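Per-chain residue numbering starts at 1, and chain names A, B, C and D are given in the order in which the chains are listed.
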Amino acid sequence: MKFQEELKESIRKALPELDVVIGWCGSFDPLHATPHFIYGEEDIEKLEISPLNVHNLATYLPGMRGKKVGVVVKGCDSRSVVELLQEKLISRDDITIFGFPCTGVIDQSKVKKAIGYVGNVQSCDMSDESLVVVVDDKPHSLKLSEVLAEKCKSCRYPDAIISDYFVGDRIAKKDPAEPNYKELEKFEKLAVSERFGYWLKELDRCIRCYACRSACPLCVCRDHCIAESRDPHWLSQENNVRDKLMFQVIHAYHMAGRCTECGECQRACPVDIPILMLKQKMNKEVLDIFNYEAGVNLKDTPPLLSFKMEEENITEKDW
Amino acid sequence: MTLVKYLKSTDLKSWLAELAEKNSVFAPRYEGDSVIFAPFDPEQEIYTKSAATVPPKKTVFPQSEKLVDFTYHKDPENPGKTLIDGKEVLPQGTTVVFGGRPCDVRGFSMFDRVYLTKETTDIYYKARRDNTSFITIACEFTESTCFCHWVGSSPSDPIGSDVLAVPVKGGFLLTAVSARGETLLTSKLLLEGKPKVEEAEEVLDKVMENLGKAPDLSKSPGKLLEVFDNMEFWEKVSAKCISCGTCTYLCPTCYCFNITDEIQGLKGSRIRSWDNCMSALFTMEASGHNPRPTKAHRLKNRVGHKFSYYPDLHDGIISCYGCGRCIKSCPAGVDIREIVLKAIEFMPTVVEE
Amino acid sequence: MKIGVFVCHCGSNIEATVDTATVAAAAREFPGVVFATDTMYTCSEPGQDEIVDAIKEHNLDGIVVASCSPRMHEQTFRRTVERAGLNKYLFEMANIREHVSWIGKDREANTNKAVDLVRMASEKLMNNQPLYPKKFTINKRVLIIGGGVAGIQAALDCADGGLEVVMVEKTSTIGGKMAKLDKTFPTVDCSSCILGPRMVDVAQHPNITLYAFSEIEEINGYVGNFEIKVKKKATYVDWDACTGCGICMEKCPSKKATDTFNEEIDFTKAINIPFAQAIPKKAKIDPEFCTMLKKGKCGVCAKVCPSGCIDYEMKDEFITEKVGAIVTATGFDLFDWTVYEEYGGGRYPDVITSLQYERMLSASGPTGGHIKRPSDGKEPKDVVFIQCVGSRDKSVGRPYCTGFCCMYTAKQAILTKDHLPGSQSYVFYMDIRAAGKLYDEFTRRAMEEYDTNYIRGRVSMIYPKGDKLLVRGADTLMGTQVEVDADLVVLAVGAEASKGASKLAEKLRISYDSYGFYMEGHPKLKPVETNTAGVYLAGACQGPKDIPSSVAQGSAAAAKVLGLFSKDQLESDPQVSTVDIKRCIGCGKCIQTCPFGAIKEIDFRGMIKANVIETICQGCGICTSTCPQGAVQLQHSTDNQILSEVNALCQF
Amino acid sequence: MPVLEGKELRIVGFLCNWCSYGGADTAGVGRFNQPTDLRIIKVPCSGRIDPLFIVKALMNGADGVLVSGCHPRDCHYSEGNFYARRRLEIMQKFLPILGYEPGRFEYTWVSASEGQRWQQVVTEFTDQIHKLGPAPKIVGPEASDTLSLMQAALK
C-alpha cells in the first residue's frame, strides 16, 4: 500500500509517548495477517497494511484501560472506537488513533470457497483489482471484488471517522446512504418454520467457544458474561441448541443500538455460523425505529439507554 | 502380516453404510463452510481431502455429557422426606469414526494418561474409548499450520488408530493397525490392497518431504519454566489473544472439563462439559480470587501445560500433536509454535554469574 | 428450603371454582414443599395461627399462600411469617382469587392454573433471600397541595399536631369550591361563616407556610425526604407589602377581566382580590387584561397604591421546600356541560350552572344575593333545575354519580323559595340519592315544605320561547310529556377531576383512573393512602365528595401523616438493587438509566464500580434489565427469581 | 401440570406491580371473565422486564408472551415504561427472524383502574395466540431432534 511507509512514519513519531501501537503484520501464511503489537522501533518495520487486515483492533482497547495505546483503524473499526468512547468504556486521552483510507478486506471463507483448498498457500500477490494465490504450486487468480467481505461492498465509512493521524487520501463517503440489508430481507421472506429451522441447523455445530463474543469490540462484560454465570443463570451448560441460540439472541440484544456491524463475531466463529445476520436484523430495526446508527457520532446515546416521551416511530397495538 | 485392503472412493459410502449397521458411524462433512464430524448420512458428501475444522474429539469426549440423571422422590405420606435417586448415564453401543487425521486420533493417548490411570478410571471416558474405533486418513497434503513432525508425530502416525487409510489414486489403501482394525476390514467391498502399497509409500514420502525440517523442541520444558515468572514475556506473546475458547475446544488433546448440575422441578442431571483455560472463570475461586487473573497467565498455562508440565509428568511427551487448528482457527492469529520457539530462544537480559 | 403451602378457600370465593385440596395435593409434589394444606380463611386469625404453627412444627423456612392478590394481603402474611420468626421476604403469594377464581368458572382449568401459580411462587421462593430494611431519618414537614376545605382541614390538623406545614394553592386564595357556596346542606348554614374562620386559622397558624397563586413544579425524593420545587407565579404585586386595601382594584380602568371566582357571571378588574374574605387578602394583576402589561401604558394601580407594592417587572419565582409527606387535596372541577346540545350548548344566557347559581344566591356575590336572569336582570318566577348533567351519563363519558348534586339542588330549590317567595321550582331528576345523616329529610322538606315540583325524568330539549325558555321533558312516573316555561334553568353539573390532576399525578408518581381521579391504596381499607409511600389523598381529588366527607378525609390524611411522623426514623424497603462488585465492569449504563440518581460511581481498588444508595433506590429494576452482565440485581425481583418463574411455567 | 391439552396454550404475562397487575386485580374484583391460558409474573415495573425473559419463555416452550405496564407518563417510577417501550418494541420486531410469528409477543399499557380493558386485552391476546396455534418448540439437545419433528409435521 502506498501510504504504508507514511503510516510507519506517523507511528514512529507518536510511539515515544505511547505504551504500544496496535497494527497488523503477516501471519502463518501469505494469505493471513495478524494483529501486531508495536512496542519499539524493531516492531515498526513489520507493520503491513493490506486487504488481509480483517481484525478489528478496537477489540483490544477496553481491556487496556489506563495504558496509552495507539491503534490503527479501518473506517469500520473506527466506528467501534467511537462507540466505545461514547459509552465511556475507553478514554479519549489514552487513545491515539491512526486512520487510513480502506478499500476493503478479504473474506477468507470466500477465498476458500473460490479456490477449494487453501491449506498450503505459498504466496499471495495483491493488486488493486485482483489477487493471485499460489497453493501447492498452483496459481489461482481471483478478482478482489469477488472475495471482498460483504460489509465492504456496501461500506459507507471507508475512512476513519475519528483519527489523530490520517495517512493517504480520503475516499469520499460512498453510496448508498443506507446500509445494505438485501440478503437479510431475502431471509426474512422465508416461511417462519424455515427461519426457525435455519437457526437450529446452523447453531447445532456451535462449540460454545464464545469467540463471537470475545472478538466483539463492544462485548465488554468479558469475564462476567451471563453465558457462563450461575447467578444470573440464563444458560445451562448442557449441549443443546436452545442454549446456543439463546446466547446468540442475548448477544444480539445486548448489541442493539451499539453494534457497528464490523462482523468480527462471524469472522471469529471457527465453524462459520452466520450470526452477523442477527445483529444486522437488530440494526435494521434500530434504524427503522430510532433512526439511529451506532458509532458514528461521539455525542450520541445508544437508543436503548434513552427514551422519548413520544416515540414517532412506535405504533402500539390498538386493543 | 498386516492386513491391507484397497477401497475405491466410489465404494466409501457403501462401506460406511455397512459399518453403520452395527455401529454409529461418524464421518467428516461440510456444515456451512466448516467441516465437522457428524453421524454418517448417505445423502451427504464425505469430505476427505484435509483435516476437518473440528476434530472428532466429541466422539469420545463430548462437548457436554450427562454423568448422572437424578430424581427427587417425595414420600407421599410425608412430603418432607425426599429420596434422591441417581443413575449414571453410561454411553451405549459402539462407534466408528472415519476420516480423522493421525494428529486428531493420537490426541486420545493424551487423554488416556489422565483418565485411565492406575489410580483412577473415568468410567464415562473408558466406556466411549473402549467402544470407539478410528479409521484414520493419513495426510496427503500438508498445511502451513501443520507441525506434527515437530512434536514426534507424522502425517501417517498410526498411534491410537485402528485402520490407517492412505489416499491413493481412486481410493484409499486401508491398513489395519490394531486387532480391532482387522475386524473392520472384512467387508466384501474391500479389494486386495497389496498392489497399492508402493503407491501409498510414495504418497507418504512426498508429504514428509513437504513438511521440511522440524526444530528441536526437547528444551521446551525447561525453557518454559525459565520464563515462567517473566510476565513481560507472557504479556507480549499473549497481547493479541482475545481469551475465547477456540484453541482449546478445537484442540484434540485438551481434556479439561467443568461439572454443573442442571435441575428442573424434581429432575436433574449432572453434566460434564468442556472447559477452557483461556477463560477467566477456569480458575476463578469462590472467594472471587483468581490465581490466573490475566490472559497472559492463562496463555502461559496453556503453552506451559502442553510443552512443559505435561512432558514433565509423562516421560517428556509433549501434549500436542501439531494439528495446527489453534493457529488456523484463532480469530486473532495467535501461533503456539511462535511462542514455544520464542521461549526456547529467549535470552534473559541479566546474565547469570 | 422447606416450604409450606397454604391454599385458601376464601370462603367460597376461591373454593367455588378452584379445587383447593387438589392444588394443595399437587403442591406437595413440588421441590422443596414439605407441607401443603387448604384452609378456609387463611387471613383470619385461626388461618394465620395455622401458618405460625406449621412453621414451628415442620421447621418451615419459606411460605407460599395461594389466596387473594398480594396487593390485598401480602403485608398481612408477611407479618404472620415474621411473627413465627421467619424473615418476611421468605414468603410468596399466588393470586388465585382475582387472577383465577373470579375470572372464570371452568373448575378444571382454574384448578390447573392455580397449581401453576403455586408452582411459580414456590420456585421463586426457593431463590428468595432474607432481606433487612435500613433505617433513615425523616423530615417531619408536610406538604398540602390544594387549599380547599379538605386541604385546610388536613393542614390545620397537622399543624395542630405540631408539624410544620407547607400549603400550595393554585389560585390566589384558599377556600376552594366551598368558598363559592352560599349555604350548605342539610343545615342551610352560611358557607363562608363556617369556612372563613378556618381559612383565617390557616393564615395565622405559626406552623403553616402558605404559597397561594403557586404550583408544584417538580417533586423528587421519597417518603420521609421529598424535595419540592414550588413555582410562585408572578402576581405583579409585592405581597409582603400589600395590605389588601383594595384601592387598586377600585381605580383600575380595565373592567372586563374574567372573574373565575364568580364563575364568570360578572367581570372583575385586571387587578383584583377575588372576594372580601380571601386568604391571603392580596391583590394580583391578571396580565391578560392589564393595559400596562399588555401595552406599557396606564400604571394607575402603581400610582394609587398607598404601599407602593405594584411591580410590573415581577417574574415567576421558584422555591425549594423539603418535606417528609405529601397530602394532595386538589379537589374537582365542573364537567364542561356545553357538550349537551339539547340544553343549548351554552347559547342561552339563562341556562346556568349550579355553581353560578350559588354565586348569584350569595350575598357577597356580584348580584348581592339577588336572583336575576343573566339575560335581562329580571327576577325569575319559574326556575327549572336539571340534575345529572355530566353525571351518570355514559354518552358523555361520565358514567359515575357525582353524589352531591341531589342535595345541593334541593338546597337551591329551598333557597330559591326563600329569596323569591312567589317563585316555583321544578327539579328534573333520575333518582334522588340522599344517603346521609339528615339528607333524605332535607330533600323531603324541599318537596313538601317548599313545594318544589320534582319530576322524575330527563329533559329532552330546551329552546327559547319569547323571553322564556321552554323546557320539555318526560315525566316517567306519570308517563307523560312535560313542558315548563322557565325563566331560568339551573344545571346540576357533575364533578370531574380538577384540571391538571393527571399532570400532578405523574409528578407524584401516583395512579389515577380514566377520569383523572386519584387511585387510593385500597378502595376500602386504604381510602386516603396511595400506592406511593408518603403520599396521601384528601377530598374530591380521589372522587366526588361532599363537604363532610372531604373534611373527614382531610383529617384522616392528617392522622396518617402524624402516624408516619410518630417515628423519628423510617425503615427503607429492602427491595432495592444491589451491585455484585466482583461482576460489575463499571460501564455506567445503570447510572445512566436510573430515574432517581440512586446509583453512583465508586472507586474500588482502583477500578470503577457502580454503587446503589439504598435509601434513594425505589426498586424499579431498570438498572437490572439494563446491566448486560446482570451484576446489579433488584432484590426480590432478581433475574434468577424471574427466570425461576419462567422456567416453572415453560418447561420445553 | 402443564397446559390443559387441547384447551389451553401456554401464555406468559409480565405485569408491572403498580398499574397492570392492579388492573388485572380490578378485572377480578369486577368478575370480568377471561380465558384461563394466561399465567402472570409480577414485576415491579415494566422497566424491570429484560426482553430476554420473553425470548427465554418462548424458547422454553411458551406459545405467547404478553407484557403490560403503566401507560406512558404514568409510570410509578416515572421513566420505567419509557425504557420498556423501546426495548420491548425492538424485541418484538426482532423475534420474527428467529422464526416466531409476529404476534407471539405483544406489549401494552393497562392502568390499575382499567379492569375492563384488561379483560379485553387478555381475551384478544389469547384469541390471537390460539389463532396462531402452538409456537415452534425446540426439543432435545440436537437440532436434528427438532428438525426431524418439524419435517414429520410437514408430511
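Criterion: a contact is a pair of C-beta atoms (placed from the backbone, for glycine too) under 8 Å apart; a residue touches a chain by one contact, two chains touch by 3 or more.
Predicted model only: the values in this text are computed from it and were never measured.
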| item | value |
| --- | --- |
| Chain occupying the most central position, where position means C-alpha average | D |
| Of B-C and A-B, pair with higher C-beta contact tally | A-B |
| Where subunit A and subunit B are represented by their mean Cα positions, the distance between them in whole Å | 30 |
| Euclidean distance of C-alpha centroids - subunit B vs subunit D, Å | 45 |
| Cα-centroid distance, subunit B relative to subunit C, in whole angstrom | 71 |
| Rounded Å distance, subunit A centre to subunit D centre (Cα mean) | 35 |
| Where subunit A touches two or more other chains at once, by residue number | 204, 222, 234, 238-239, 242 |
| Shared interface positions of subunit D, touching two or more other chains | 51, 56, 60, 73, 79, 83, 87, 138, 141 |
| Per-residue multi-chain contacts in subunit C, two or more chains | 582, 593, 626, 639, 643, 647, 651-652 |
| Chain contact graph, described as a line, ring, star, complete graph or other shape | other |
| Set of all touching chain pairs, with the criterion as stated earlier | A-B, A-C, A-D, B-C, C-D |
| Of all residues in subunit A, those that touch subunit C in their complex | 87-89, 220-222, 224-226, 229, 231-234, 242, 254, 301, 305 |
| Touching residues on subunit D, where the partner in the complex is subunit C | 1-4, 7-8, 10, 12, 18-19, 21-22, 24-25, 27-29, 31-36, 39-45, 47-51, 53, 56-57, 60-62, 70, 73-80, 83, 87, 111-114, 119, 137-139 |
| Contacting residues of subunit C [partner subunit B, same complex] | 2, 28-31, 33-36, 58, 582, 647, 651 |
| Touching residues on subunit B, where the partner in the complex is subunit A | 31-34, 36, 49-50, 53-54, 62-65, 141-146, 210, 236, 239-240, 242-246, 248-250, 258, 260, 262, 269, 271, 273-274, 276, 279-281, 327-329, 331-335 |
| Interface residues, subunit D side, partner subunit A - complex | 51-52, 55-56, 59-60, 72-73, 79, 82-83, 85-87, 89-91, 93-94, 96-101, 106-109, 117, 120-121, 124, 136, 138, 140-144, 146-147, 150, 154 |
